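What follows are several structures.
Next come two complexes, and both contain chain A; in the first it sits with chain B, in the second with chain C.
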Partner chain A sequence: MTQYVNVKPMIYAALFAALTAIGAFIRIPLPLSPVPITLQVFFVLLAGLVLGARWGGTSMVVYVMLGVIGLPVFSGGSSGLGILLGPTGGYIIGFVAGAFVTGLIYNKVNDSKTATICAMIGGLAVIYLLGVMQLSFVANMTLQQAVAVGILPFLIGDAIKIVAALIVADRIRPLLAVS
Partner chain B sequence: MIGIYSHGRSYMHLLDPRTKLALMVGMSLLIYSAQPTALAVLLALILLLSRASGLPYTRLVQGLRPVLVFFGAIFLTHLLFTPGEPLIEGLAVPTLEGVTTGSVLVLRFILLILYTSIMTYSTSPSGLNYALTFFLRPFGTFGTDLAFMTGTAMTLIPGLFREKDTITKAQAARGYKPRGMKGFTALVVPLMNRSLKRVDELSDALESRCFHSKRRYYYYRQTLANRDYVAVGIYVVLAGVVLFVRFEAGF
Partner chain C sequence: MISEIDTYAGLSSPIHRWDPRLKVISILALIFSIMLLYDLKLVIASMLFAIILVYISRIPFSFIAGRLKWVFLFVLPFLIILPFTVIGEGVVIAHFGSITLNFRGIESVEFAVMIVIKALTSVMLIFPMIGTSRMDITIKALEDLHLPNKLVQMLAFTYRYIFVLSNEFMLMERSLTSRGFKRGSNLYTITTLSKAIATLFVMSYEQAERVFYAMRSKGYSGKVTTMHEFTLRPQDWLCTVVVCGFAIFIQVAVWYGTLEGT
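Here is the complex of A and B:
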């Protein structure tokens, strides 16, 4: 049975890939900051929490495929292999690893709020790690320079996304359990 | 169709998607290994290809807009932190070396994006999806599954946009202004709720028709034509020249 009937996880993975894709276009203004936050990283972490390591990671592979075949799904509406191989490509590849790691940590620990936050911070750290590695390698920067350009401007927004993902994941998981 | 793709009958459009995908990867490697002189040649080639495929220059450079700020940050970093000969008397930065390394790097990134824009302009998403599946064949059924999921996600995106619009408009009609954390959950929870219902129906429909993994989803077939071999030949000559210039001539 289980060997063949695996349509549902595949469809869920496709859904989360599509959600991550439109996440770049959903902007919500923040009370204090002038820069609105987008939902992209939020859906990456959510995919890891809700779908688990294997299917969360797969859904992000699908997201990368969407961008490579030319849909404007990368941040800011960009697309194509050029973005993936360029200075910001590490973050996109990091989405795959990030969702995977979030799911991995989340499945290992108990279902408490602290554990969920730890799982998401782990996932986010992996996204940043890969992003900065590619940035410093491709753009010929030192690690400190890459961190200054590629991490520091985004830290506050991402902290908010973690809290939001925590709230939403709690309210979404019952919907998945019923199905 | 969303995205940059546009239907056409140009030489670029008629090339096999697999050839174009392989050339995209090949050209990216070439752009990364090119020296300033070779970069100028590649830029000329890109403008020529854009003209040949019928892609107007205004739309060609549109792909750059989202990443421009980031490229600017990269350029500035190199401008301010490269030691060397100062441009302005009395100041340590900016240096001549900083300007050259920064602009060569940013030019490379720009060429990379321009080139892939031409390719995605002249290749349909389904065509490229097929090409990706073809190159993923060593991974067994994972490749076909991935193609199926990518195709499904492609069809889901317009629907999700509609759902998002419906939700935000309904909330706006009731005088709600999304802001901060509350605005976050107020949009995402109903969006997830509705879209999960939709994909549950979809997967039920697929399952009840005995759809499963480990089968072929794609019936898109194309065979390599002479023009594909010509394109690869041109690329090989170009790569030879660029690499020769870099490692032998040295300019």
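Here is the complex of A and C:
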């Protein structure tokens, strides 16, 4: 029985890791942006909201590890330690911190929609921060250039993801709680 | 969607026969060493070494090229952007507010090419690393390398779910297409795909439950079990020395080059 209780959150964490992997392949074109959105960040934020800081972060560690050992789960079907240490690797590392921070803020604040959105903005900010820092360092760019290339084109898409994650999280949380 | 990376795990080659534990550690060390490089010649040499490893592994280049094509498209923007953004003096081309685009000369183009080659080489090395062993054996090897047991179990779970879920999503997409749905830059596409993703989550949750109970009913005890037992042979150490030796060699070459430059 004890093992059953311990294994359940592991299953959910694995599930979110798998969904994040698949999210890299689901591209949705946007009316106001030249950059189509993928759903990785959506599942990262959702993992933080639904699983909490510890298991949300763990699910992203699993996702990153699968990519590092070679499964093509990163954006563009890429994988490997090289991608993690490359220009865009900061965003991938940021997924772990992003899910953790989203879960952490969400657990600290009340269950209102505003608080949930704040938690996701916090998580997203961490992803951007780590992403831009690594982009700037590895690609030898100034921080301004890294922000222009690595944040601005994705703002509209990520705002939509936050709204979508808010709606989906509301619906799936009872499902997980009942089980 | 996500293809089976271990499609060619059944072939026979020295890389296939190489102990998966040493193989994973050695090739990861090589990738790490390559990522630390900032010398185009050494990066090209590393790519040639990776091609030799792929050739020895007998994995068809067409299979690898299919994957590298997508990775190349992913890193292509860096090839275009980097020559204009690398820090340093250059010819001013345009101003966007406080951001200035400079062309930094041939060195910045070389830098961009190097970043792209490093990315492609690191992805190419993935194939000899885990494309030459069945995924369950690679996961077992990770457990033998003393990765935390829970993490290894979750890797195994996730690996299974990825294929189950991608199949579910492809079925959903096919079903939407058969009813006349076309992706476009509009609210209808976003709404429809959002509903599909929510359904995917519910289905995946149910699937996860079924997989879990199936695993338990088959005697799943929380430990990774395969019929495979690892044994280290002299050939395994030889392969390790060659690959790790190259990883060390390129770092020594960098160090030597730095010394000569001073």
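By our rule, the second predicted complex is superposed on the first by the 166 of 179 C-alpha atoms of A that agree within 3 Å, B and C clash if a C-alpha of one lies under 4 Å from a C-alpha of the other, contacts with A are read in each partner's own complex, and residues count from 1 in each chain.
The working rule: contacts are C-beta pairs under 8 Å (C-beta built on N, C-alpha and C of every residue); 3 or more make two chains touch, one makes a residue touch a chain.
Because the structure is a prediction, the values reported are computed rather than measured.
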Clash or fit, chain B versus chain C on superposed chain A:
clash
Taking the superposition as given, does A:Met60 touch the first partner, chain B, the second, chain C, both, or neither?
neither
Is A:Ile172 contacted by the first partner chain B, the second partner chain C, both or neither?
both
Quick check for you: in the superposed arrangement, does A:Ala17 touch first (chain B), second (chain C), both or neither?
both
Which superposed partner A:Ile93 touches (first chain B, second chain C, both, neither):
neither
Considering only the touch criterion stated at the top, classify A:Leu71 as touching first (chain B), second (chain C), both, or neither.
both
List the residues of chain A that touch chain B in one complex and chain C in the other.
7, 10-15, 17-19, 21-22, 25-26, 28-31, 39, 42, 58-59, 61-63, 65-66, 68-73, 75-83, 85-87, 138-142, 145, 148-149, 160, 164, 167-168, 171-172, 175-176, 179
For the complex, which residues does chain A have touching chain C?
3, 7, 10-15, 17-19, 21-22, 25-26, 28-31, 39, 42, 58-59, 61-63, 65-66, 68-73, 75-83, 85-87, 138-142, 144-145, 148-149, 160, 164, 167-168, 171-172, 175-176, 179
Which residues, counting only chain B, touch chain A once they are in their complex?
2-5, 24-25, 28, 32, 63, 65-67, 70-71, 73-74, 77-78, 81, 101, 105, 109, 112-117, 119-121, 123, 125, 128-129, 132, 145-146, 148-150, 152-154, 156-157, 160-161, 164, 178-181, 183-185, 187-189, 191-193, 195-196, 199-200, 202-203, 206-207, 211-214
Can you name the residues of chain A that touch chain B in the complex?
4-8, 10-15, 17-19, 21-22, 25-26, 28-31, 39, 42, 58-59, 61-63, 65-66, 68-83, 85-88, 138-142, 145, 148-149, 160, 163-164, 167-168, 171-172, 175-176, 179
Parts of chain C lying in touch with chain A, wherever the complex brings them together:
1-3, 5, 24, 28, 31-32, 34-35, 67, 70-71, 73-75, 78, 81-82, 85-87, 96, 98-99, 111, 115, 118-119, 121-123, 125-127, 129-131, 138, 142, 150-151, 153-155, 157-159, 161-162, 165-166, 169, 183-187, 189-190, 193-194, 197-198, 200-202, 204-205, 208-209, 212, 222
